[in-house]
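Labels A, B, C and D are assigned to the chains in the order they are written; within every chain, residues are numbered from 1.
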């Protein structure tokens, strides 16, 4: 696209192609500013090259994106709507709140966007087996779903701590025909599941594709995942213009690895008037040491792990630190190099919401709007609520509800301490 | 609409208005053939009249349906897509299978269609409190959701047996701000919850609306619920024509009270070439006495209860019988008078699928297509699978997937006897 | 209109200078047929004027908790339609005053209108009350009732429009059953102005004797209703005292009620 | 190219008619620094030719279960970068043969390329192996290595294209680390035709001495590789025998391996 490359040369931003510029015209291959790259064992080089080539060919083929959009429309329910939260808007006396409803996707989260896209790519590459890591289990369920639908074998690696936190999703993955491997190494969470995938892949790459679930990892994953997830932002931008006649003042998204945030932010990248806010997991508070905020609060620092360079929660010697979040999906040491770059550029602001703020925000969202968001997603709501007062009723904000909360029933039941729920579990168990 | 009344006079069916003819031009007010009516205590007469008047005014106001469609589009994700099940079609070597994806709706089932419609009507009537019965809990969750979104107080009546079977939904209803009342009378299932609603309503009607969840009960409920749920069939008909260029040979839907079946059937009512098949709950088998098949198998007979006349599962003296189904949502004694009428007319064929057939069909749907349907909905799939051989690969069938299966994790976990799931529950409980 | 056999009885009873008549109620088969017989004997001793014998049904939508449980228990004890009519018939030997069938429509529908009327008449019934059957749905039932000298008793409620009250009045036979308040059977009703206004409305809508039911619990209630209505109906309150205080308490309340008629 | 100090050493060792050299490995801090010292002593007794001292890292993506656990345990025991270099330095007194740093890139990145090279050189290191750092990402590290007389040892793998093998060969110093097969450290590798073809490919891509690692477990493996490669690398197998058979078993395997060099 001459325009965008020209733009790249001049450094100017053209609204339409801003995202292409960021994703595909970086000076160093696979880099976004100082972040990204492919720090992987030599054995995986050719595999990542094969993937990069397949992806480049696909994205240059107009039929590919069309096929992707068609699959997402007929198998999931894209375009997912935006919902105006009149009640919550009135209650906070702040701006008009619009929610992008990724929770309505098949399997209940935005993860399916990326997974179906990679599934179509697998077909092109002729792979027959897919492996994936999962934290909350949403990406695992999405991948198992894609594998069932497209006829691939499927193995899901999941930290044993997350297996425990998200057993319902484990149950569904297995029902969908996937093998779920519980990873006990390290902190037994998302990052360790990723390591285990890379190890499996280093051996199985010939017939196996690794469907990484977020905009992290070695090149071309951040680029590719961002490319598929941008469907969120593209739809949302058009919908906001249609329904409100203007762009939102701010866009909020929760940030784990960064795929849903990248996906919605890319749609507004060229709109300098739109402030982009990423909300990380504040856990028990930024100074508790029990959180997963890599950028907000400045706890993280640049490093290289899991195949890429970005801000990590690590000690001064480069050893990764323990992270915590009430939401398994945000409980991760790294952040998308794309977002790290946008942070350095000052294009995205980062905040953190604590576990307690999130539970409170979820209860509010449920009781005022009848929407049960995933704990991950509700970080975006909580991050917004804290600063709702900064905006006036004439302003509008767009919050990305990346997923639904059904999967969190055990976590929320615990967090809220619902007595009847506990009793129910006791009865169930006693009758087994 | 002169055309349709003319049609009514001549008795001829005009495709477009066939559903209006059936719903609104019956000879006796509130009747469909011999079924329907309003057999209610005198105290409720004026309330039902008020509701009928409000509904008649609304449906004659073009803006009302437009508002309804808009709400369903922006708050849920209508139009829900139809998905071509290539794998399952190939596997059974039968017809091309298309699935109407009501499972993608907000709250996970078609119930929200009816509930949002009645919510809009409540606003017109100026009611401030809503009550509802629920079986599977889907209608309860949908009603609690609507109440939260529209700002109504909400009380949900649920048989204590169902409260036990569907605790996750109870948990969500309460989180959504509803009061859930466990009904211990009678068989402590759906029918008893309906009785309890009628009793509450006989006292609270002034400021309270009873949002009945299926196409049963006294006039105008069957008519009104059918009217809102027809959005399923209207969308599906257009989608089939668009995607396959023709009408399906058959349409299958599960039948509890009958709202999802009525909803999809109404769209094809005027298309005599389309065979309509309703699948009831076969439970442990039609001759086990442990089922909820009112028409298939001939176990039911005409009677009057819960405010309307239809086929009920009752003994020869008119006492209602115990029913059973693995799916709480189909575990009901009565059937929509609209469907009873269509059965007498020979327009709808009725079959029953057993619990075991349903579990098997669900596992197949999950592993071949990556879709986790609700146990209720999968009755339609199981009913089809049994006779898939009757059709050729050039034929097409449309199955209504009325909801998703997340809510059924406990039931399915039990039915499948998943060991790790049981262990998980034990651990959870032991740590409380 | 031979259904007015019942009307005539009521008017005569009132003429025998009673301020108000007492109609009682019991659920056949609860707590047991023996207990029911004992109840009837006590009613007879108290010289009750009329009694409703409820035919149990599995879906009693117009009843409150106490009668819901009674209906359910009666059915669980296995009571059948035959046994119901048998009991109804036998009751003749215990009480001379009119017995009315009360119950939900489905058993009647399943039996068939014709057979129902004949069997009720044969059992000595003077009329029936079907709380979930609006007069529009009576179908041929009015005529069959007439043929069998049975009074189909209709209900008037506070939520009915004047026009509907008149329509009901037009179809009623024997007397009219005025429902004192919203809701279901069982909870207390206050004897207050609003209620009296409703009673007047019913009077305007029918020339037939007027019975008032739902929530009457004591002699005072009856006293307060004297001259205002012709019949006071006491149901749940009686079953409650039987369950809580047994026979003696039951006798006590009935004596109080009977005395309060003046 | 002072990095060739290591190359020179290797060539001289081979010249002293050895069919193949033996490079061993240990994870610093696992099971303990004391144990590590004992391992080094036993290696010295067996006259090992080279040793890799692995710097523990929390995300060892190129390692199999046994080293993953070793890395984790070492970190849990609290080992620091300072302690690592300290041990590296002390090792001098135990073993005369060259010590190479092996480890993942992040600790190096956090320390800074410059400081890393200086500290490694000061500790007497002759080179380093960074399995997750492709040569394109070396940045200024090649130059800094040269300045500090350190050999940056690069890896060649069976999945590399000829063109890439050549690129790697062009950047390598000291010797080239050929990875015998796909996958991670720890599982057995068969000494078969396919492997030998890969070795030839590596030979074509570099004139430097060639080391082969991943899955070598016995003296027989080494024997089979004589004349084919210059250095055989044994890692997991040694740690495994230490964990299962302790010091004596460890000594046993090392003696077997040393003898197999011919």
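The rule is simple: contacts are C-beta pairs under 8 Å (C-beta built on N, C-alpha and C of every residue); 3 or more make two chains touch, one makes a residue touch a chain.
As the structure is a prediction and not an experimental result, all values here were calculated from the model.
With centres defined by CA atoms alone, the chain at the far end from chain A is C. Centroids built from CA atoms put chain C at 38 Å from chain B. Centre-to-centre separation of chain A and chain B, using mean CA positions: 35 Å.
Centroids of chain B and chain D (each the mean of its C-alpha atoms) stand 67 Å apart. Taken together, the touching pairs link the chains end to end in a line with two free ends. The touching residues of chain B, when paired with chain A in their complex, are 73-77, 80-84, 87, 101, 104-106, 108, 144-149, 151, 164, 167-168, 170-172, 174-177, 243, 363, 366-372, 406-407, 409-410, 412-413, 416, 418, 420-422, 424-430, 432. Interface of chain C with chain B (complex): residues 57-64, 68-69, 72, 75, 80-81, 104-111, 131-134, 137, 154-161, 164, 168, 179, 182-184. The part of chain A that touches chain D in the complex is made up of residues 37-47, 185-186, 191, 195, 198-199, 202-203, 205, 301-307, 309, 314, 316-320.
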